[in-house]
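The following pair of complexes shares a single chain, chain A, combined with chain B in the former and chain C in the latter.
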Partner chain A sequence: MSSTAIVSTTSASARRRRPDLTPYLLVAPAVALIVLIYGYPIVRIFIDSFLSPTKTGAKTVGVANYGFAVNDPVFWKSAGNNVFLLAGVPLMTVLALLFAVVLFDQIRGWRVYRTLVFTPYIMAVPVIGATFVYLYGFNGIVNTLLRDIGLGGVAQDWLGNPTLVMPSILSVVIYRELGFGVMLFLARMASIRLELYEAAEIDGAGWWARLRYVTIPQLRSVIGFFVVIELITMLSWVFAYVYSMTGGGPGFASSVLELYIWKNAFAYRAIGIASAVAVLLLVATSVLIVVQLLVRGGESETGEE
Partner chain B sequence: MRTTMVRFGGLLAAASIVLSACGSAASTPAPTPAATTAATAPTDSASTAAVPTNAEPVELTYWYWAESDAPGADKWMADSVAAYQKDHPNVTIKVVPQATDTLQSAFQTAAASKSGPDIASQWATGPVLGFVWSDAISPISDLVPADEIKHWLNTSENTYQGKLWAMPMYLLGIGMAYNKELFVKAGVTPPTGDRWTWDEFLAASAKLKAAGITPFVGGDKNGYLGAWWFANLGGQQLDSEADLVKAVVGEASFTDPKYSGWYTELEKLVKAGYINNDVMSLDLDQGVRQFYQGKGAMAFTSDGMLASAIKELGADKVGVMRPPKWGTGTLADAGNATQSISFFVTKWSQHQQAAADFLQYLHTPERLTEWYKATGVVAADDRFDSTLVTVPQLQQMAKFETTGQQTWLENWIPSQLDGDGDLPAGQLIFSGSGTAADAGQLWERVAGTWRAAHPDELANWQGLLK
Partner chain C sequence: MTDRGTRRNRTRSLRSGGTVFRHVLMISMAIAAIYPVYYMVATSLKSKQTWTADQFGPPLPPTLENYAAVMADGRIPIWFLNSVLVTGASVIAATAISTLAAFAIARLRFRGQTFLLRLMVALMVIPPAVLILPLFLGLQPLGLTNSYVGVVLIYSGMLVPISVYLLASFFRTLPVELFEAARIDGATTMRILRSIVLPLSAPGFVTLVVVNALWVWNELLIALVFLQDDQRRTLMAGLTLFKGHYTVNEPLIMAGTFIAALPMLLLFLFGQRFFVRGLVAGAVK
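Right, the complex of A and B next:
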C-alpha cells in the first residue's frame, strides 16, 4: 500500500469517525425550544412534587406530598370518578360508529344531521356546561318535559344527586365528544375502496355483514386513535365540564383529578401536593398510551390495518 | 399514532406549564423586596390636598374586587380614581378588576414573586392574615394616621399583633327576609323583637308548609347556602372566634356537637321539607331570586338582595329580621356583619405612602356618600351619613350590621377548610347524602389534612390563640 493510499484511507476513516454535525446544528434550536416548552414544565413539576413551599423558600419533603395525596379520600374519590368516565369511552365509541354508519348511508337529511351532531364539538365547554345546568336542574327543562308527559316520577335532581351526578356529567361529555368521533369515522369511511363493498355484495353480504366485515376492519386504526384521544380526555381534559356544571359537588361526588390538582395548586397553596398528583396523572396517562402503542404495534406486525 | 403522541404531549405540556408556572413561583426563594420604600410617618389629610403638577410621577396598580358584593362598585372606583387623579395630576392609578375565583390564587402568585400591584384586595381575616404571614402586606396602620383609622368599622377583623393590616370599605351582613303576604296567608306572625328563637322559626316553618308555602328558599349548588347557615348557626355554641380557631389548630374537634351540632338542626329543616326541593340545582343567588318571585316565605339576604326583593315584590310585602337564635354561646347574640373584602398596600410597592393616601381618600365623606349612592351598601366608616338610607328595611339591616359584636365565622378558618369542609358539608345535608355526624367528620378530616400539609400555616394560626 502506497503512502498516498494510506493517507487517503486515513482521511476517509476520519470522515467516517467525524459525522457531519450540520443537520444536528440546524435542528438544535427547534429541539431546544421543544425541550424548553415541553420538557422543562414536566421536569419542574416532578421536582416540585418533592418540595413544600415555606415563607423563606421551598424545602424538600421527600415523598410526603404523594403520601398526603394517597391518604386523602378526596383524591381517591376524584380518581374513581375519572375511572368512571373512562368506562364511558366504549359507549361513546359505539355511538359514534352507529351515527357515522347511518350518516354514511346518506339517509334523508343526512347533511343536517351531520351538522347537528358535529356542532356541539365546536362549542366551548363552559357554554355547554351552563346549558346543561339549566337542562338538568330539578326544575329544569328535562324534568319539566318528563312531568308534562306524565313521567314525573322519573324526574330527578340530575346534578344535585350524588348518585346521578357522574352519569349526568358523562352524558354531557359524550354529547360533545361524539361529533369528533363521527367526523373521524365518516372521513375514513369516505376513503374505503368501493370495490370492497362491491365484492361483499357479490358474495351476498347484507348491511350488517358489510359493517362487520368491511367497514369496522377498515376503521380499526381510526377507532384506535379516537379511543386513545377520548381516554386522555376522560383522564385529563374534563375539568371544564365539572367546574362549569357542579364545581365537584355535591360534596365531592363529581370531583375529578384535574379539579383536585387545581384546588390544591391555586386555592390551597399546596403546590407540592398538586404537583405530586399531576405526576401521578401523567404516569397513568402514559401507561394508557404505552398499552395502546403496544396493542397497535402487535396489530401492525400481524398485518392488520 | 405520531399525531396521537403529539396531541398527548401537547395536553401534558399545557397542564404542566400552568402548574410549573405556579410551582416555580411558589418554590423559588423569596427575593428581597426590591427598593421597598420604608413606611414613612403617616400624614394627616395627605389624600385630600391637591398637589403641584410638577411633583414626582407616581403610578399605582390596584387589584380591585368589590363588584360581586356590591354591584356599582366598579363604576364608583372609576369615578374615584378620576377625581383623585384630577386633584393629584402626578398620580396615575391603574385599576385591574379581579375575578372571584382567582382572587386568592392571583395574589398568591404575586406574593410568591414579590411583585405585582401596589394595592390589592383580599377577604378579611384568614385570607388577609395568610398574606401577612407570607410577608406580602405592609400594615396600613403604619401609613395612615390613627385619628383616621379610628373612624373605620370592623377593624378587629384585620388587626394582628397590634397593627391594622388592611382597610375596610363596606359592611355586609346577612339578614333573613320574609314575605309579609305569605306570612299572613299562613297565619305566621313576625317576631316581636328583631329575631325568632329556633323553636319559633320551626313552628313558623311548619305553619307555612301546612299552608302549601315553601318556608325557606335558597340554592346550594355552589355550597354557599351551607356556608351562610354556618355563618349564622355555626358559631352559636361558641363564646369567641378563638373557640373556632381551637378546632382549626387541633385543640378541639369539629365532631364535638359544640361545633357541628347545628347540622342536626339543618338536617331537620331539609327532612321536614322546609327548604325548596331544587336547592341543589341552584346557586345561592339563584335561590334567593326565588324569594323575589314570591316562591318562598323566607330567605337569607344581604343588603343588595334585600333592595332587589323590595324592588321586585314591593316595599309593603318585604320584612327583615335577624336569623334565629339557636345556641347558648356568647356568639349566639353576635351579629354577622363583615367588611368582606379588605384593601391593603403591598410590601413590595415602591409608593406605599401614595397608595395609602389613595385608600384614605376613599374614606372621605364625599366618597362614602357616593359609594352608597352607587351600591346601596353601607360604608364601614362612622362618618357615613346614615340618613342616606331611607328605606326602613334597609335601615333595619344597617342597624343589625352596626350594633353590638359582629363576627363572620368563615373569616376564621383557612380557605382549604372552607372549600373542602364548610361548603361540601352543607351540600351533604342539603342533598340528603350525609348526616350531621358525617358533616362534623368531614370538617375534622379536612382540618387534619390541612394541619399536616401546612405546618407553617398551622403555626401562624396557633399564634392567633396567644
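Right, the complex of A and C next:
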C-alpha cells in the first residue's frame, strides 16, 4: 500500500463504504477448522443417534438407541462411576485450598514444595496410570506399607477389587489434578491486595479469620472456576485414567461413560448406541459449560484482576 | 507469578504453633507427589534380579540394561519420533491459525467477534469422547484415518479454542497507542500483525506452545483411535500396548514409561514459569 496521505484518505473512505473483509479472512481458517472438528461431529452424533445401520443403509429407529442404553446395566454402572468421581471434587478442592494456604504463608522451602506438588500435573495420564498399576498392585508399595505397620489383613489388589477400584482411581485423579488447583489458587492469592489483610489485622483478625473473611471470599471466582473445570474433567475427561489402569475392569466395575462410548463405537461397532450416549454426555457437559461461561462472565464484570 | 505480594505477606503470617504441623503436611505432600516418579526411575534402573530381590530399595547397582532392551525392541524409539512429529505439526498449525483469528478478535472490529470468543470458551471443554466416532466415520472415506494428516487435523482443531482464547487475552494487553501510531503511519492490518503484534508477543507464544505441546504429547484417546498401525502409534498409545506385552517385566515397562515422561519433565524443569503461566492464564488473568 502506498503511504501518501491522499491515497490513504481515499482508501479510508472506500473502506467506509465497503466493509473491510480483513477480519473475516483472518478468522476464516480457525472457523473452518472448528466447523470440521467440532461442528460436523456434533451435528452427526445427533443424527446417528436416531439411526441404525442395515444392509441397505441406515434406517431411522426413533429413540431405540437411547432405549437400549437406558436399559443397559453397564450404561448405568458407567454413569454411576462418573457421578462417584464428581463427588470427589469437593474433597480435591478443599485439599488444594489447604495446600495453597499453607504455601502462601511462605514457609521455608515453599518454592520447592510448589514445584513438587505441580509435577504430577505435567505427567501424562498413561504414565501415571502405568506406575500406579504397580503401586496399587498386590505387592505394591501401598500393601507393603500396610503389612509393615501390621495391617496386612487390609492389603489387597486395590485396582482388582470391584468395590475399591473406583475410590482407587479417584485417588489417582486427585493425585494428578491437585497441583493444578494449588497453582491456580496461589496465583490468585498473590494478587489479593495487601490492604485487605492490613485492615483485617487492625480489626484484630487472627489467621483463621483472615482466611475465612479475606482469602476465601477473594478466591471465590477462581474456586468456582476450578470446581467447574474439575466437574467437567470427572464427567468427560477421565478415559485415559481408566483405560491405562483397569480398562474398565474388573468386569465393568470401573467403566465410565467415555469408555462405554468408545467400546460401543470401536469394539462392538454399535454406532447408534455410541452416538446416543455421546449425545447424553454432550448434554450433561453442556450444562457445566453454561455454568462455566457464567462463572467467567461474572468474573469479568467484577472488574479487577 | 507475582511473588512480590506474597513475599511481603511473609511477615504477616502467624509464626506460632502451626509451623511444625505445616512442615509435616507439606513434606508428606511432597513425598506423595514425587514418590511415583522416584519409583519409576528407580525401578527402571534395576536388573530383573535386583528388582525381584528388593522391589522398593534403591537401584544398586544401577543398570541401563532396561533402556538398552527398550532400544533393542525398537518400537518405543519409533513411537517417540511419531509423537514428536504429531506434536510439532499440530502445535505449529494450531498456533499459526489461532494467531490470525486471535488478532482479529482482540484488535479489529467485526460482527460476531464477541460471540466467537465465547464460542471458544465453550468449545474448550467439549470432550474428545463425544467427537471421535463421527470424526472417524467422516475421515475414513477420505483416507485420513491411520494417517498423520488426519490426526494432526484433529489435534490442531482441538487446540484452536484454547489457543485463540489465550492469544486474544495476550494481544489485548499490548498498548493501544502502538496500534494507533502504526495506523497513522499508514501501516496495513497485516503489517501491524507482523511488525508489532508478533515481536511483542514472544512470551505469550512460548507459554502457548508449551501448554499445547503438553496436551498433545500426553493425549491418549484420539491417538488410540486414529493411529492404530503399529508403525504410526504415538508414544502414549504405544505405551499401553507395550505394557500389555511385557506385563511381568516391570523394570522394562518402567524404563519405557520414563522415556515417555522425560520430555515433559525436562521442559517443565527448564520452563516452569511458562507452564504455570499458561495453565493458570485461562482462569486468572
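Simple rule for what comes next: the second predicted complex is superposed on the first by the 248 of 305 C-alpha atoms of A that agree within 3 Å, B and C clash if a C-alpha of one lies under 4 Å from a C-alpha of the other, contacts with A are read in each partner's own complex, and residues count from 1 in each chain.
Just so we're on the same page, contacts are C-beta pairs under 8 Å (C-beta built on N, C-alpha and C of every residue); 3 or more make two chains touch, one makes a residue touch a chain.
Since the model is a prediction, treat every value here as computed from it, not as a measurement.
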Return first, second, both or neither, reflecting whether A:D105 touches chain B, chain C, both chains, or no partner chain. second
Under the stated touch criterion, which partner chain does A:L294 make contact with: chain B (first), chain C (second), both, or neither? neither
Is A:A199 touching anything from chain B or chain C once the two structures are fitted on A? First, second, both or neither. neither
Just chain B (first), just chain C (second), both, or neither: which does A:Y268 touch? first
Kindly classify A:A87 by the partners it touches after superposition: chain B alone (first), chain C alone (second), both, or neither? neither
Is A:A209 touching anything from chain B or chain C once the two structures are fitted on A? First, second, both or neither. neither
Look at the residues of chain A and decide whether chain B or chain C touches more of them. C
Between chain B and chain C, whom does A:S236 touch in the aligned arrangement: first, second, both, or neither? both
Taking the superposition as given, does A:Y38 touch the first partner, chain B, the second, chain C, both, or neither? both
Let me test your reading of the model: by the given contact rule, A:L151 touches which partner, first (chain B), second (chain C), both or neither? neither
Go through chain A and flag every residue that touches chain B in one model and chain C in the other. 37-38, 40-42, 44-45, 48, 133, 139, 225, 229, 232, 236-237, 258, 261, 265-266, 271, 274-275, 278, 282, 285, 289, 292-293, 296
Under the touch definition given earlier, write down the residues of chain B that touch chain A in their complex. 1, 3-5, 7-9, 11-13, 15-17, 19-24, 26-30, 102, 104-105, 108, 112, 130, 133-135, 220-223, 277-282, 415-416, 419-420, 423-425, 427-428, 430-431, 433-434, 442, 445, 449-450, 452-454, 456-457
List the residues on chain C that touch chain A in their complex, please. 1-10, 12-14, 18-19, 22-23, 25-26, 29-30, 32-37, 39-40, 43, 55-56, 97-98, 100-101, 103-105, 108-110, 113, 116, 118-119, 121-123, 125-138, 153-154, 156-158, 160-161, 164, 185-186, 188-190, 214, 217-221, 224-225, 236, 239-240, 243, 250, 253-254, 257, 260-261, 264-265, 267-268, 272, 275-276, 279-280, 283-285
Within the complex, which stretch of chain A touches chain B? 37-38, 40-42, 44-45, 47-48, 51, 53-58, 68, 72-74, 133, 136-140, 157, 159-162, 225, 228-229, 232, 236-237, 246-247, 249-253, 258, 261, 263, 265-275, 278, 282, 285, 289, 292-293, 296
Chain C touches which residues of chain A in the complex? 1, 3, 8, 20, 22-24, 26-27, 29-31, 33-34, 36-38, 40-42, 44-45, 48, 98-99, 102-110, 112-113, 115-128, 130-135, 139, 141, 144, 175, 179-180, 183-184, 186-192, 194, 197, 201, 206-207, 222, 225-226, 229, 232, 235-237, 239-240, 243-244, 257-258, 261-262, 265-266, 271, 274-275, 278, 281-282, 285, 288-289, 292-293, 296, 305
